[in-house]
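Heads up, the next two complexes both have subunit A, just with different partners, subunit B and then subunit C.
Right after this comes the complex of A and B.
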């Protein structure tokens, strides 16, 4: 990285550290921080969308849709995350490839499942076998986003379902008295008011989601915990210019600071949102705000 | 416009046919000198050099991917990469699930490493999960302590969590040499497994054949022995 880094053995103190912390391997770790943040930025709205869909489906007056919503919520909430991540992603990947195989190679004469092996025709591979490594990584990343969204969506669905039930019946009754249709009273009265009941549950989910990101490594995405373990492990001089003993403690301490800072910032933001949502609500919090202002 | 689209599609198709299928090489990247991630963040080590040479000889385009040891076989059979080249010993249990090429490292010894040479080897022994060493420890009746990465097995001995670690001797030699006398070999070496080979899917006979031929040609002209000596030292077993 720096010009004086050509002979690390001769360096000491801060100079050595500045070279050490800017090796290609460390830069991979800094990228991984970005990966985690990007994953959160995409997964959170996606999971909320899944949750909203699940909750409205579960409340639906159309029976099969209600069953679908309730089954989604209860099955996904019941399966351990780690089992879901180990099994589901491979299954999802194979399902995509199976569908592509049926479409692209209708006259393929070999079995797809040969014993343990899963073999589709080369054109159906996802991504294609000769695609660049970044394509594979991006594909893995989006599989991860989808899996996280499905898992956390089920929890969010339950939270939102409860929140929708918590909106006072009198509010809906008033809407009906004004002649609003079912759809109108849902979008204009129920949805804007339910968030204040949903937020504590959703903020819990957000915190759990932040801490669940190390599960990424199970999906083949190299996250910060993987790099901390890899970089912190003891290194012998034969294989690196920067030999050091077991430094995992320091790397994990850095992760601790990162996660604590991140959750703290989240708490502050969530508090702000809560105050905003409470405004004008017929809840104790809303009443308190009104009195304080008056 | 339509013509343009068609010709672009045709071009893309022929380009796709011309470029050979890429062979994706799966490794762990945490087991020096076999394979590790170097300072630049790339896969390096004996198997990197060997794999690149094998691909050149077999005229294949190869790409390196890392995968956690625990799920390295499931990801091979489901097609996320095409070979395992990760210091994997050839054993009967693994051979039931995947196929191996001929070995590129002769059956080599595993060894115990501890803080003192006279440690009780029927005590608590650390080994990496799902390795032949872990299987061996379980058979000897010692208490097996498993870790997901090789590095953690060494750390467990250093901090006293385990009495000794059992691993490939080639992996342990540089660690013992650099520990400044803190770590020593204990007990006799244990011969385990049928050497190290590349893992391929059982249905992938063609690829297995290509790599078998390439390994054989490296054995015949002696380049494989030179490479083993370069990475594992002059005392290493050769063919």
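Right after this comes the complex of A and C.
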């Protein structure tokens, strides 16, 4: 990257390090940080959407829908999340291919599950066999996002369900007394009020989501964990201009510091938001702020 | 081959007893149930030992964090921050490579690179940090009157801690601690998916579930089996911790007892 990097063997100390840390592969690793941030940026709203759906379903007066919502909320807490990650990535992939198979090849006569194989017609393959590399990567990333959204949607559903229950019952009763329908009182009274109750749980969930991002590695996405293992392993002069022994420990120490900084910054920001939102609220927190100011 | 033969062959496979080769084709339901169940031994091993040892350290760290002396308080705060602020997954990786480099300079420390010891140490420190935060919160919310009553009885130091502060802290923190225990057991599934390698395919429940899913390309059987085992384990933990909770609250009026509620906000 720098002009003095042309002959790595002649470099020493800081100069060597600055060249080493800016090689093409290291830049891929820095891009992988972007992948993590992108995942967070897409997953957080998606999970919130799934959570809202789950919480609404669990409150539904239509019994089967309520059962579905409650099972969705509770099954995810009973089972390790990593098992869900490993499960959904394959299951979703197969589900998509199966649906496409049914649509595109209705007169396919072979069995789809052949012993140890899952076989759909070539037109139904996802992504198509002749697709470009970036399509494969994007599809993998899309599956990862969907998996994260399903798993964390269940956690968000739990938080939102609790928040909906926490809105004082009298508020809904008043709405009903004014002649609002069930739907109106839900959208006009319950939903605007529940966010204050949900925020502590949701900010906790955000922290959990940050800490779950290294699991991307298990889903086959080339994320920072992948690159840390790849770049940290010992390299001989045969393969690279920058030979070094096994440095994976240092790479993972760097990741540790990265995540610590990330969670710390989020904590401070979320604290600020919470303080802003509780201002003037008739809750314990709001009362404390008022007293402190007076 | 009947199912009993399979259980005899693979029941203790995760510990290295019985059949050496894992099944390779014609997988039966019985094989999947047996092997995944056999893997649960490791999950229970990691979870139980880390929980028991972590409990002791957590109490100490919580007390240190509540201390006035900055020499006690600051290290405790940093310990909790480091282990709670970073993903357990990364902690496993870091610890494994740290132990590897320790092993190359001190061959005596070789056992640390095996999951049985190395991962246990990470889980122990991790759960200690999470539990310490719970206990610290409970310590802060001990009613002032309780401590004043102890003072009035002339209790101080160790006897005040042993008879008043510690039991009250446990009682207040117990519902949250139950959740921590459940999520610790869930976290044990990460061990063999981070740096720590399996020896001779002796893995935990998720390792075998993943093995079957890879071989059969059908995730709809092994993962639900794993889920069933974990739901069972969760129920056992809730029962045991519920008993302890009832014991801790035995002096309170029946209606006022705090019930354990499951709050799943504690993944690492």
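To be clear about the criterion, the second predicted complex is superposed on the first by the 279 of 294 C-alpha atoms of A that agree within 3 Å, B and C clash if a C-alpha of one lies under 4 Å from a C-alpha of the other, contacts with A are read in each partner's own complex, and residues count from 1 in each chain.
Everything below uses one rule, namely that a contact is a pair of C-beta atoms (placed from the backbone, for glycine too) under 8 Å apart; a residue touches a chain by one contact, two chains touch by 3 or more.
The model shown is predicted, which means the values in this text are computed figures rather than measured ones.
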| item | value |
| --- | --- |
| Fit or clash between subunit C and subunit B when superposed on subunit A | clash |
| Contacts of A:236 with subunit B and subunit C, given as first, second, both or neither | first |
| Which superposed partner A:122 touches (first subunit B, second subunit C, both, neither) | first |
| Which superposed partner A:133 touches (first subunit B, second subunit C, both, neither) | first |
| Touching partner for A:15 - first (subunit B), second (subunit C), both, neither | neither |
| Subunit B versus subunit C as contact partner of A:86, first or second or both or neither | both |
| First, second, both or neither for A:76, with subunit B first and subunit C second | second |
| Partner chain(s) touched by A:28 [first = subunit B, second = subunit C, both, neither] | first |
| Partner chain in contact with A:104 - subunit B first, subunit C second, else both or neither | neither |
| Touching partner for A:59 - first (subunit B), second (subunit C), both, neither | neither |
| On subunit A, positions contacted by subunit B and by subunit C | 86, 90, 94, 116-118, 217-218, 229, 246, 248 |
| Footprint of subunit C on subunit A - complex, ascending | 75-83, 86-87, 90-91, 94, 113, 116-118, 155, 158-159, 201, 204-205, 208, 210-215, 217-218, 225, 228-229, 232, 246, 248-249, 252-253, 255-256, 259-260, 263-264 |
| Contact set on subunit C toward subunit A in their complex | 25, 81-82, 85-91, 93-94, 97-98, 100-101, 182, 186-187, 189-190, 193, 206, 209-210, 213, 215-220, 223, 226-227, 230-231, 234, 262-268 |
| Residue numbers on subunit A that touch subunit B, as the complex places them | 23-25, 27-28, 86, 90, 93-94, 97, 114-120, 122, 125, 129-131, 133, 136, 217-218, 220, 222, 229-230, 233-234, 236-243, 246, 248 |
| For the subunit B and subunit A complex, residues of the former touching the latter | 16, 19-22, 24, 29-30, 32-33, 36-42, 44-45, 61, 63, 65-68, 71, 74-75, 77-80, 82, 97-98, 149, 151-152, 154-155, 158, 174-175, 177-178, 201-204 |
